[in-house]
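Below is a structure I'd like to ask you about.
Every chain is named by a letter (A, B, C and D) in the order it is written, and numbering of its residues begins at 1.
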Amino acid sequence: MGKARLEAFSDGVFAIAITLLVLTIPTPSDYRHLSDALLDHWPAYATYVVSFAVIGIMWVNHHTIVGHFAGLDRNAVYLNLALLATIVFVPYPTGVFGEALQRGQGERTAAVFYSLVMLVNALAWAALWVYGSSGRRLLAPEFPEEQRRTATALFTLGAFVYAATVVVGFVNAYACLAVHAALAVYYALDPVARWVTRFTG
Amino acid sequence: MGKARLEAFSDGVFAIAITLLVLTIPTPSDYRHLSDALLDHWPAYATYVVSFAVIGIMWVNHHTIVGHFAGLDRNAVYLNLALLATIVFVPYPTGVFGEALQRGQGERTAAVFYSLVMLVNALAWAALWVYGSSGRRLLAPEFPEEQRRTATALFTLGAFVYAATVVVGFVNAYACLAVHAALAVYYALDPVARWVTRFTG
Amino acid sequence: MGKARLEAFSDGVFAIAITLLVLTIPTPSDYRHLSDALLDHWPAYATYVVSFAVIGIMWVNHHTIVGHFAGLDRNAVYLNLALLATIVFVPYPTGVFGEALQRGQGERTAAVFYSLVMLVNALAWAALWVYGSSGRRLLAPEFPEEQRRTATALFTLGAFVYAATVVVGFVNAYACLAVHAALAVYYALDPVARWVTRFTG
Amino acid sequence: MGKARLEAFSDGVFAIAITLLVLTIPTPSDYRHLSDALLDHWPAYATYVVSFAVIGIMWVNHHTIVGHFAGLDRNAVYLNLALLATIVFVPYPTGVFGEALQRGQGERTAAVFYSLVMLVNALAWAALWVYGSSGRRLLAPEFPEEQRRTATALFTLGAFVYAATVVVGFVNAYACLAVHAALAVYYALDPVARWVTRFTG
């Protein structure tokens, strides 16, 4: 399978997963006091925005990573499928998180659950990168060797950071959501992402 | 990221958001008097049609605007993601609007909510345009300078017009829906859109 | 907007609408007698299959028709959006139809509703064709003139046929579903579709 | 219709069907004991993972098979649509399977139902292959004749294997789910798939 095909399919999955997020927002039941009901849903809007940013930025970074690969083999295709499985799953913990915050019940459990899904996702990213880059198995020849090591270190670090968000979830659900939002911003803006962009053009 | 990639992803998101609108129509509960139940749902059909037109026409205009850009940078990609987030959200206020009109409860609140979402959407459009066009940052060289100023003025005006629909929503929900329908027609037909089409071919 | 773009977007909408059909099948409530519950859902499976065939064959025919156009103008783009709006809507009457048949309540109303949606859809097809072909406005030069008249006659006839299914729906819901299935087969196999394929290659 | 078109549409359908799987996971109702509720959902996670793998691997194999065809005719397009209809349907038995396992009611019925859907799917694959390969009707000239016979034998065998999973479902639901997971792994890894990849490049 060519890269273009895999990327087109992955793009489709990203696009659908990001769009299904809107279904996680519960419809109001009380239309007599609709403005109150809509305002009460603010946690669902907040988790929608955070997960939208998370998936959207992952979509950008997916291009970058696949762009560094000269080609793909079957294992990479399946690792990519595993990665997509964790992304497609995101609307579920997003809905649970928003609902728990709104009800004021099970918030920390929901935060831990959301963080665990993100941790598994971070591990799937790391697995795809490590598989493709170790021994420069799939890496494009022009990809600089010293950046390969940096990137591997950062993917490993990412997994630890998401493990840390699990701990934050045990302590405070709102702090946990804020950390996920901050991480999304970090992955959108950090210098690593910047060099990554530079090389894929 | 190339323009083609961003446009394909955006097209996917537009296509899914426009299709999810059908899920906003509530299924009938009373099948003994099904024709009454189906007729009672007319507000859901009306909001479906209006939002379908809104998203469909935005899809057309998205092509036009991106077509005027010679290329994209990271900020434009993220502004585009923010814009998509407001479009993906549209099915939610659409469903609330239709349901409120059908119940005869909370209609004006729903109209205001719908208009607020459209206002945020108009701001996201304006942000993308202003970012890409100011100082001709991303504009294609052949894009005429005087039309740049016209377009910026129109995007600014658009935000004010959608702010006005919020006010209309406070007054009358049906009038507000009619105004949104009229605005969709305007954006489909107006002369500005026409020059825009002329230049992108 | 180029043809490729419009077709890619339309394909996406077709693909999503056809996939959302699965959401029209109600989940069982009684898991103690699950086999009975699943068998009771047979009308939902039947309407799923018919609507899947209908949308799938429309997808094939959409290519054919757009393939006969040398290019597109703004009006054609909007007529195409209107056509898509009727196709995206299909899962709704499909779900209502299946549910009505299963409950044994409102079957004929549901059949009439389904047929009305198909009638509006047939009119949208006819509108796109008539707009694009009258005076050969958008037709490719190699498209034979005598087949233009034949096609216009057949699109007109199609609208009348779907109007007739509305009448059938008033008489018998099962017969109406069977007629829609038969029409799908006809549109898949008829000689007209065949020449159409011949010319688009 | 060209192969590229059919593949793009099929890819879209695969992407959407695989993403809709997340909607099969029931949202928790008890947020006071959310961790228990989320843990109780483990069968839904298990069926999600199995069906995600099943559809994902089918997507890979779809490319392979269509890649062996030099072109497509109308019948192949319709056989492909029939195949897609069985894939789009997968989220439904997936949800039923997960729910039955969680409730501890109707598990074997759900397993049989899931297996029946997979059997119909296997028959649809076989039909597409047999149609395209018999008499080398659509096969690319470079496709080796002896592998044609091997592949036909394997597709036939596949249908029998899925028929066997129906029997397993009558005996034990968990064993049936495990067999489906094992079959997904088999189709991802077996030597046949390997040569298939070799020839499509």
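By our rule, a contact is a pair of C-beta atoms (placed from the backbone, for glycine too) under 8 Å apart; a residue touches a chain by one contact, two chains touch by 3 or more.
Bear in mind the structure is a predicted one, so any value in this text is a computation, not a measurement.
The chain with its CA mean position farthest from that of chain C is A. Looking at which positions face the partner, chain B and chain C present mostly different ones, since fewer than half of the interface numbers are shared. Between chain B and chain D, the centres computed from C-alpha atoms are 37 Å apart. Taking each chain's centre as the average of its CA atoms, chain A and chain D sit 26 Å apart.
Touching two or more other chains at once are residues 8, 12, 16, 20, 23 of chain C. Because contacts link each chain to exactly two others and close back on themselves, their graph is best described as a ring.
Listed by chain label, the pairs that touch are A-B, A-D, B-C, C-D. Of all residues in chain B, only 8, 11-12, 14-16, 18-23, 25, 27-28, 31-35, 38, 48-49, 52-53, 56-57, 59-60, 63, 188, 194, 197, 200 touch chain C in the complex they form. Taken together, the chain D residues at the contact with chain C in this complex read 1, 5, 8-9, 12-13, 16-17, 20, 23, 74, 77-78, 81, 84-85, 88-89, 91-92, 95-96, 99-100, 103, 105-106, 109-110, 113.
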